[in-house]
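Each structure below is given as structure tokens.
Two complexes are shown next, each including chain A; its partner changes from chain B in the first to chain C in the second.
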Partner chain A sequence: MNGTSFGRLLRSGALALAGTLAAWSGAASADTIKVGIIGPFSGPFALQGKNFQAGAEAWLAQNGKSVAGHDIELVYRDLPTANPQQARALAQELIVKDKVQYLGGVYFTPDAMAITPLLKQGNVPLVIFNAATSAIMTSSPLVVRTSFTTAQTASPLGKATVDRGIKKFVSVVTDYGPGVDAEGAFKKAVTAAGGEVVESIRMPLNTTEFSPIMQRIRDAGAQGVFAFLPSGPPTLGFVKSFSDTGLKQAGVKLFATGDLTQESDLPALGEAASGMVTSFHYAVSHDSEINKRFVAAAEKAIGAPDLLSFPAVGAYDGLFVIAKMIAATGGKQDAEKAVEAVKGLAWESPRGPVKIDPETRHLTQTIYLREVAKDAQGRWINKEIASFPDQGDPGLAK
Partner chain B sequence: MQTALSIAMDAFAYGMALFIICIGLSLTMGLMRVVNLAHGAFAMIGGYIASYVARDLGLGYGFAILLAMIGTVLIALPLERLLYRRIYDRSELSQVLMTIGITFCVIGITNYIFGPTLKTIPLPTGLAHPIDLGFRSIAGHRLFVIASGLVVAGGLWFLIERTGFGIHLRAAVENVAMARALGIRTEIIYAASFALAIALSAFGGVVGAEFLPIEPYYALRYMVTFLVVVSVGGAGSIGGALAACLLLGAIDVTGRYLMPEFGNFFFYLAVILVVCTFPRGLMGRARSHG
Partner chain C sequence: MAEATIRSAAASRPGPLLRDLLGLGLIALGGLAGYLLFPDNLAFLTRLISVALLVLSLDLIVGYCGIASLGQAALYGAGAYTAGIACLNGVTEPFLLVLIGAAAGAMTGLLMGAVMLRAHGLPQLVLSIALVQLLHEAANKASWLTGGSDGLSGMVPAPLFGVFEFDLWGRSAYLFGLGLLLVVFAVLRLVVRSPFGMLCRGLKEDPLRISALGIYAFPVLLKMFVISGAVAGTGGALAAIATQVVGLDSVSFELSANALVMLVLGGIGHLYGALVGTVIFMALEHVVAAANPFHWMTLVGAVLIAIVLFAPRGLSGSLDQLAGLLTRQGGRAGR
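Right after this comes the complex of A and B.
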């Protein structure tokens, strides 16, 4: 061994030692609780991930970065599209390597399903900001959800439409988990209210040309259409096709869950969606003092006002719940105690009064009936026209 | 009968929109032998320019189409000079790698400049409203798309089969060395046909935006559809591309009407059958050995 390489060895050894010492002292002096947030921060769904981030940062901006003397540090991990294997790997890395005490985020159901089996062993609760399939909650007792379920938002629409004198429906949904959930929930609710779904159409996920679907609706002679498509480019084609093929002019009414008219898509949908009635848990235009403050903070975090939509409120409330968990456990890592502490927790969210159902650990909340209309400034909004308070998740009701 | 007519009309319009977008790709692949996976990216750039011109600057639809075509070509020409020219004679693998790289760059840049949301191109009032055809009403822009498709097909056929430029282009495709020896400036011919293909893609991106909305992932989302159309039609053949678009459009639309739950089954079944029966596509040219 010659002199130079020995010197290099010595130097790197010293550096490594210094690094270890620094890490040690860092862990000992400051009490920082890490929260891992998994979401689509790049790729086709980046806008939804940005909304996670904006909601979480809005909460920190309003409430400060520490809870009961414990600093909160958010660790973001990017999962661009639904990918259960990668979701599991990211969650594992967050738990084992980054030593997070809480997991949050998750946009897609398959990802949530892949993460839940890790929670018990990792002693980490998961607070879901979006993934909206009912069944996730039964997969682990350490999951809490601050978003909505498709069944929860679709069910109130059943009665509301029949009350408007429309009895004969065609349901059109995208052929995947949440779409099938929506179809079932709407049919059940409409039938219970005395209406009828005469035809149920399922479209493949990548459908871009909707006029044949519109032709079927016309042939079925329905008075109303219930639609569910995931947020994104196809919703524009669907809504345009509905008015272009003359169904709108013929007086057929289009109803949907709020996924179709999320605020970030509204400037593009505009006139074509005007008058469309949707049901959802949150509209950015919701009129309350808390929401105004939330929207101001979240718009600042996201950069441009027309990018803000529903995933932000899920993240904002998610952080509220995580803060309550931190306070209840005194900063100690105890997943069971943390989840126990927030069961039955009720608070005023930007969307209205909400409560975590102790049985399902899902939010009981108000579902609003909204109409696409212009506000005083000429911006397209989801204008709330009726509300259905205290809606649980019918998808989980036995 | 009414229903059948109505579906035929939808299929025709959808097929024509596909044709306008894909014909440029068919030309680059068939005549210039470049597998240009970035074709959709150029259609998307056209859509963005048109949206900016029509929505933010408030100019008319015609202007939007024109500026979109010119603007996209201006962006594409330096790329042709700097990048594409290097891969004309390379293997398909290098072409695929480079053009998919360009696609990702375009996606990233548009996402950065225009943001991730959908962009619409406002239609003039004449095209925006449904027009009553007696047996049904159809959106005005669909009739416009059909007419545009026919004009593009006719114009291209005339250009390639009946003009001096067309003769030079076909000569350069058949045998580059011989064409050069006869004094044909093949680089210029290639650059011009590349520009033409790009202008057509931009045109397609704009008029097809009602079917395929403009957003940053446009370039990747519809890539497979575009490639399928070209391979079914046979690269480089105008008639083939037209036949493929109309056939696939008809099968897709009818399949979705009759049995939506089968999804894309009929579309891909048709693709498999055509490709098995005609390995070079419906009207593909045999590869010359030049």
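Right after this comes the complex of A and C.
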């Protein structure tokens, strides 16, 4: 592994050098459009960043590296954990130094919020591949999102849980934008369906030890738990801890957004997650022709099938949107026109039919209710058991 | 009074003052060269200056007082958050914001010093970590004030001198930062050469002897903590003004540890070492992370190990040695 990574490093170093030289000589080919992608490519969340890369490269592999005669070049920048200050610095540099025409990626909401104020001045649209707080869209008119919001994925869960005969809930969320959104959306939905949330727990973003949280859940005496954490090491720890501390065996039901059962974690979770019901916009096992082709291409890009997860589909659709923007502006840098061109755009994504809402610039899509189960080959999957079509973002329609 | 001593010191030995002027000139020259050579990297260079101020402040207590700290970012973050909050509440004049940041850093330095100076050695180090973690958690919890994990954003500092805006290209932010760095550096040179600075160094070398002279160490070291806090707070305020975002990262243990790494890299106990270490560390990280965003940390680690192995006194220590060899004045004069 070291040999290849070093080789890659040398190559990218040489590329960077060549790029600088080309820029100096003033002969930078006008026909290459740079797209800056910011994501966690190293550190604890590296797998999510790898999925960004896999999704984007899968799209390029299927559709070619040029759009309407303009070559697309992806410029990756690493932002290992949520760090708004660093996010802003990276975006600034991508715009000013690397002269990217489009920004994409962004895993965490705080990072997105730090970048949006730059867009207008830089004349650059931002296509968000993941960050899931509703309010990002109101912070700049130049943002388009191809992922989901936690309010969007959590809302359908409210009725579905009450329908299963569970009325008393504890909600446990990470204490930042998307967590607060998820908590509010679930509470609203569950109350409307006749259930109640008896306690709301918020955990700091960097929490890694969940036993005290599990004790509080036990003390609250609820029948069901609703949880949201950003996908990565924390979700793995949370679901494992829920099972290890005996809450699962005690009959407490854990419901969550699909962040907690992302496919790349399922082999490690195994029995601990078995039977868990989640709601989400995408399952790698989604049964459609276009998804099969997407999964094949993305698995090839990421290297190992086990690693594929939902950020890849956000990136794949993100590249689709960016390509539409490039075609609409004829390769010229015009952020407003680019965003205008994709408002109302509807297409068939690997996750199902999607449409960019012209008002919010967020995706209207189908949200699926899924259960963790084994497929025919004995692999753990998120098995879709119900679907809620045409879900907008309830987080913005206050 | 300090000024008078400096003047008399300068009269008897013109060397150090000339050296300082030369040093300041070199920093200014380097800064302007950065401005002209890397006009597209000014945002990064501004961040570099802001971190350099943090590392300088750490050098004051580690290098001159012998107090180990892994919590210096507490002072930096206090400055950044206070300046950011002030800016959101209508105080937008950049110079005033820097003063506010420096004051907040000094206050935090006073508190932190008061706690940390109760212990020595490893317990002191542990206290510093505990303090920065406490402050980090406080900033996280008080999200109504600080934005918590979402970060504090939305501040719009007024243009510099009412003309030069803090914009995307970061020219005014960089020159503003460079000016701050020069002023702070000049003041710190005076501080560390003053009798007070000598006293601190004496306390580091031989505390028993100093106490035998009838000097009570606590207020002396506390004073240095306050100065160090003001410097770190200035750096934090600069970051808040330049990036217009303050995140929890600015009060993190990680940033504190990185600052210490930069200081060790550059050389402890010369203010120049702090600058050299910051520039080398951050430039290395920046270039490697851009060249390979997937495996850059490994390479940075390897280079750091190499530097520590081959230049154990820090890069500026090695430079001093080299200069000493060339001018035959001996490396000791450099300390």
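One rule holds in what follows: the second predicted complex is superposed on the first by the 337 of 398 C-alpha atoms of A that agree within 3 Å, B and C clash if a C-alpha of one lies under 4 Å from a C-alpha of the other, contacts with A are read in each partner's own complex, and residues count from 1 in each chain.
As a convention for this text, a residue touches a chain if its C-beta (ideal position, glycine included) is under 8 Å from a C-beta of that chain, and two chains touch if they have at least 3 such contacts.
Keep in mind that this is a model prediction, so the values were computed, not measured.
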{"item": "Contacts of A:204 with chain B and chain C, given as first, second, both or neither", "value": "both"}
{"item": "Chain B versus chain C as contact partner of A:77, first or second or both or neither", "value": "second"}
{"item": "Partner chain(s) touched by A:389 [first = chain B, second = chain C, both, neither]", "value": "neither"}
{"item": "Partner chain in contact with A:175 - chain B first, chain C second, else both or neither", "value": "both"}
{"item": "Touching partner for A:358 - first (chain B), second (chain C), both, neither", "value": "neither"}
{"item": "Touching partner for A:233 - first (chain B), second (chain C), both, neither", "value": "first"}
{"item": "Residues of chain A at both interfaces, chain B in one complex, chain C in the other", "value": "43, 46, 175, 204"}
{"item": "Residues of chain C that touch chain A when the two form their complex", "value": "40-44, 47, 137, 140, 143, 148-151, 153-154, 167-170, 239, 243-247, 249-250, 289-299"}
{"item": "Contacting residues of chain A [partner chain B, same complex]", "value": "43-44, 46-47, 50, 175, 201-204, 206-209, 211-213, 215-216, 219, 233-234, 236-237, 240, 243-246, 249, 264-265, 267-268, 270, 304, 306-307"}
{"item": "Partner chain C, residues of chain A touching it in the complex", "value": "5, 8-9, 12-13, 16, 41-43, 46, 76-78, 82-89, 92-93, 95-97, 109-110, 113-114, 117-118, 121-122, 174-177, 204-205"}
{"item": "Chain B residues within the chain A interface of the complex", "value": "3, 6-7, 10, 14, 111, 115-120, 130, 136-139, 142, 210-213, 215-218, 221-222, 252-254, 256-257, 260-261, 263-264"}
